[in-house]
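Some structures are shown below for you to check.
Below, subunit A partners subunit B and then partners subunit C, in two separate complexes.
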Partner chain A sequence: MAEAVATTPLPRPRHVGMSPIAWLAAPALLLFVIFFVLPFGTMALFSFLSGNPVANPNVTFTLRHYERFLSDSLYFESLVATLRIGFVTTLVSLLIGYPLAHWMARMHSRVGHAMLLMAVIAPMLTGIVVRTFAWMTLLQDSGVINTTLVSLGWTDGPVRLMYNEFGTVVALVHIYVPYMVLTLTGVIGRIDERLEQAARNLGANRFRAFIEVTLPLSLPGILAGSLLVFALSISAYVTPFLMGGTDVLTLPMLIYQQVGSSFNLGFAGALGVILLAVSLLVVFAYNHVLGRFAGGEKMA
Partner chain B sequence: MSASARRRPDPVRIAYLAVNGAIVFFLIAPILIVGVFAVNPTPYISFPPTGFSLRWFEKFFTSPDFMNSLWLSLRVAVAVLVLSVLIGAMCALALVRGNLPGSRFLTAFFMSPLMLPAILTGLALFQLYLLSGVGRPVWGLVMGHTLVAVPYVLRTTLAVLHNFDRRVEEAAAILGASPIRVFFEVTLPLIRPGVIAGGIFAFIVSFDQFPISLFLVLPNSETLPVVLFNYMKFDLDGAIAAASMVSIVMALSVVIILEKLIGLKAYVKL
Partner chain C sequence: MLRKSVTRRRLMKTGAGLAAMAAFGAPAILHAQARTLKITTWGGKWGEIMKGEVLPAFEKEHGCTVQADQAFPFVPKLQASPRNDPIYDVLHTNSNEQWKCVVEGLVVDKLDARAIPNLKDVYPYAVSDKIVGVSIFTSAIGLGYRTDKGLAKPTSWKDLADPKLAGQRGGYLIPVNSLGQAHLMMLGKIYGKGFDDLDAAYKALEALKPIKLYDFTGQMEKALLSAEVSVGVIHDSGIYRYDGTNQPVDFAIPSEGVIALEQVLNITPGTRVKELANAYIDYMLRPDVQKKLAEGVWYSPSNTKVKLDAKYDARLFNTPEKVAKLIQMDWKWYNERKDDIDLRVARILRG
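Now for the complex of A and B:
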């Protein structure tokens, strides 16, 4: 699949002659060819093979893994569920990420800004397994929220907050909202504050000045942050697995199931290619947005 | 500026701060609650806490399963740090200084492991290793982690290189320093904070890495996140909370070191 990337026509700059320093990229290139391009090629290859060529010499090329995906509605539904969870997670992340990013971008106190950044980056650097565990202790039937609700007498019994899509989305939002905040705060920070000030001097109230000046100018950040969070949340495995219970079946869960329990590498490969196709679309859109609005070196 | 200098109770401003306070609480509270469960002595996760005990930390630090996996995770993370710093920093220099054709495209390519599903990187490496018959060696795991760690080193090093005043190097060269001496005495010290920051990111990314490890570890020789995940499928007790504290304390110290080192702001700019 990464080959598809490599064949994209390059914008040819005027050739100025490579410096010997260019050779320093060789180890990285080697690493990426062997451990990135080659594996993804292998995955695509497996998706067209009838079996495992190592164990069975009589494998043939087949489309049956893709046909299986199309013929059973269970698989299509899991693709839809993956996209739905990704979409809702992105939307909620945007809604709660925007105010925080705005606050951070407009924070004049150096200490305040550093504190906020720590509050955003510290959760981001805590492992996904750990953060999912934290949400399990909060949302399970005997968890913090349900115990509190029952002891306050607000509900008779525990409310089902996890082992469904709701719990999955809540934990995913917590895990990926820092990416939204960091992307947005960079873009909002580059918007000249005086523009909003000018709008207000001309008679717009604060709300209208925000809607008509800051919000449209931050659109590239909104797009880039949303695409990033979407790309990350459709590939999540741990959180839907632990928070979704039997109610949630996403594509990544299905993929690991095929390897871990069914050992069907061909079908796993086909599911992988499908998920990869969705992700590549998102990545291209993301690079396009950033390349167009923020200049070349701000990519990814 | 004049508007924010006027300090009078303003309902819009209060609502704005309240909303943001709630969001910060949403970000931080789940991390803090883990600390409560790590010292709560009850056998299962229960709230409110009933006391204070270090039994879960004791269970974690005396369990051979947890300790072996912690040790493996740390060794892998150190190897990933070294490899990705070397590969990433060199690559950043080449991208900025090498006059490479299509360097914009190359940068996007080297960053792409961050956006493509890591679970697919895991699956793809697993299939490649299977096909080529190398099995599931630890170096295979290290290379998988390095692949997703290099973009972080690249990003922080590119950030310092873009802010770099090349006239300093020219001055050194004019004063008679050889290119190699210029590199070691001028360039390297100036890009060092970015490289170190990238290395710290690489370490933590590897230490916390889950989806790639899931495919590449052998049973009985799993990294800490995989062991925690498998444990959590069946049992949710304070040992997980204690183990989680290791990850959280590490993340907090990293954030503080990074802030002191290059300022977290440099990270946001990209």
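Now for the complex of A and C:
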């Protein structure tokens, strides 16, 4: 009997209801439903309807908005441009953000850390439109950089620094680098420094210790920061609109045109669904590839 | 601290009290709702005058409240609201958007002249067959230019294509801006057989490259003021509003004529305050209101009886001879082709 009692596994505690802690997530869940699920659901529904059901009860289901997307290569080109701008912005943000985040995470001086943190966060206290206009005053033909170059005689005329993808990416990187840095700092800060020291004690130089130890352990931060910056970049509207001129045409710009100027909610909805679907595919692929580097596990 | 326990009797008393309040108060609340006029209006200097003077005076005169939406774009919000309870009672937009709205049944196709007495005093262009509703003001789209760049004052729309202006000329993102759309039609007229000659317009647009394009007139103003652009398509109001500020910019009226940028008011068919909506349009056409706004933002008034001060009178389009120079575009025609035009111009202007 005593043996039977000893070998019988303890009964699992019965869950009589949701944990009180779980209820704290309810407001966030509600916000997610109200501000993402419902709007996206409505947008997706509109993309399959022949008209506006609010005005016309006789609307029917149709695929014509998606057929329109496939009918002209300009739409596909704008999707590619959107993803390209997203990739480049993410990569440059990572290259700029990683060393800064590493420096912040390893800084022992509290004052120094606070100063760096302020420097990273300070630009976020200004609106995106203001920051973009600031870049315009720097990069435009009559801007600070071109005026200086011309006055020094280094160029005959203004160099084309904006109204193209270059200017767009520069402004986007400036806007989104803080998101990358803040995400990476948290992850790198939690990596035990002694692991790196152990690698060096075993003969690895600084670079190799970083490549073999710190970098793999910081992959979750790279993934999270990259996804955040990528998502923000491909959905950016104001900056590509102001900095890109006629050279840049992204899907968010097309969506705005359809909603705000052509008043075609169905096609705008279809473009939104396509952008989300393609972005999710890219995110899954990125997650998969990065997971392999991290040891065969999926990371998010 | 006085504590009262909740008893069944007290609860019933409170409930009865609330029910009585609701029964007697509801008509008053409904009445208050019925006297609210929902409109759209612009921001900036126009919005300041409207919210500071014009709308409070109307509210006082008619014992109502005016809810003014300044958050553009208005049409998608109107599209999303029920037809029998629209988000706006009076829609103020440019003419191209009114034509889109009338096709979708979002605004009425004709205003009731008996309910808006001031309609009889407007210039014919303000209620022409190119307008849905009534144009309460217009500005004139022509060419703005810098006076400090040694440029001759433009005399023709063709002057914008001057090779010397490569990279220094400005226009609009045609898919999102009606000035850009109107300019495209004008190119068809200048270089082709008419405003509907799109092939000629596309060819002329190609010849304007490199051109800096903006999404709204405020940005074009800034581009001209900062010398980012030396000559650009803009309405007269966007230049004249800097009168007296010593900015080296001026407005040129091309010999082929200027394009009317009409400020149009119209009523939504489902409005529950039709009388008040008509009264508002009539009020906006009143000579004293027209004078205040015309001189505040340099818009040409539609009412023939408006007497402007000398400096405004000299420049704005407020006589039969002057308004004859205004060219009105066929926005119904344009809107029907907008998607194809957007695709074509995007290809022309990219790269």
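Assume the second predicted complex is superposed on the first by the 242 of 300 C-alpha atoms of A that agree within 3 Å, B and C clash if a C-alpha of one lies under 4 Å from a C-alpha of the other, contacts with A are read in each partner's own complex, and residues count from 1 in each chain.
Please note the rule applied: a residue touches a chain if its C-beta (ideal position, glycine included) is under 8 Å from a C-beta of that chain, and two chains touch if they have at least 3 such contacts.
Nothing here was measured: the structure is a model prediction, and the numbers come from that model.
In the superposition on chain A, A:57 makes contact with neither subunit B nor subunit C.
By the document's definition of touching, neither partner reaches A:153: not subunit B, not subunit C.
Of the two partner chains placed around the shared chain by superposition, subunit B and subunit C are both touched by A:265. If you count the residues of subunit A touched by subunit B and by subunit C, you find the higher number for B. In the superposition on chain A, A:142 contacts both subunit B and subunit C.
Residue contacts after overlaying the shared chain place A:74 against subunit C, while subunit B stays out of touching range. Contact with subunit C, but none with subunit B, is seen for A:246 once the two complexes are overlaid on the shared chain.
Of the two partner chains placed by the overlay, neither subunit B nor subunit C lies in contact with A:203. Applying the stated contact rule after C-alpha superposition, one finds that A:257 touches subunit C and leaves subunit B untouched.
Look at A:43: by the touch rule set out above, it reaches subunit B but stays clear of subunit C.
Across the superposed pair, subunit B and subunit C both touch subunit A at residues 52, 54, 140, 142, 256, 259, 265. For subunit C in complex with subunit A, the residues that touch the partner chain are 72-73, 75-76, 79-83, 100, 104-106, 167, 173, 175-176, 211-213, 215, 226-228, 338-339, 342-343, 346-347, 349-351.
Residues of subunit A touching subunit B in their complex: 2, 5-6, 8, 10-13, 15-19, 21-25, 27-28, 31-32, 34-36, 38-40, 42-43, 46, 52-54, 96, 99-100, 103, 108, 113-114, 116-123, 125-138, 140, 142-144, 147-148, 174, 177-178, 182, 185-186, 189, 197, 200, 206-207, 228, 231-232, 234-235, 237-238, 242, 252, 255-256, 259, 265, 268-269, 272, 275-276, 279-280, 282-283, 286-287, 291, 296-300.
Interface of subunit B with subunit A (complex): residues 3-4, 12, 16, 19-20, 23-24, 26-28, 30-31, 33-34, 37, 44-48, 86-88, 90-91, 93-95, 97-102, 104-121, 123-128, 130-131, 133, 143-144, 146-147, 150-151, 154, 158, 162, 204, 207-208, 210-211, 214-215, 225, 228-229, 232-233, 236, 240-241, 244, 247-248, 250-252, 254-256, 258-259, 263-265, 267-270. Within the complex, the subunit A residues that touch subunit C are 52, 54-55, 72, 74, 140-142, 158, 163, 241, 245-247, 249, 256-257, 259-265.
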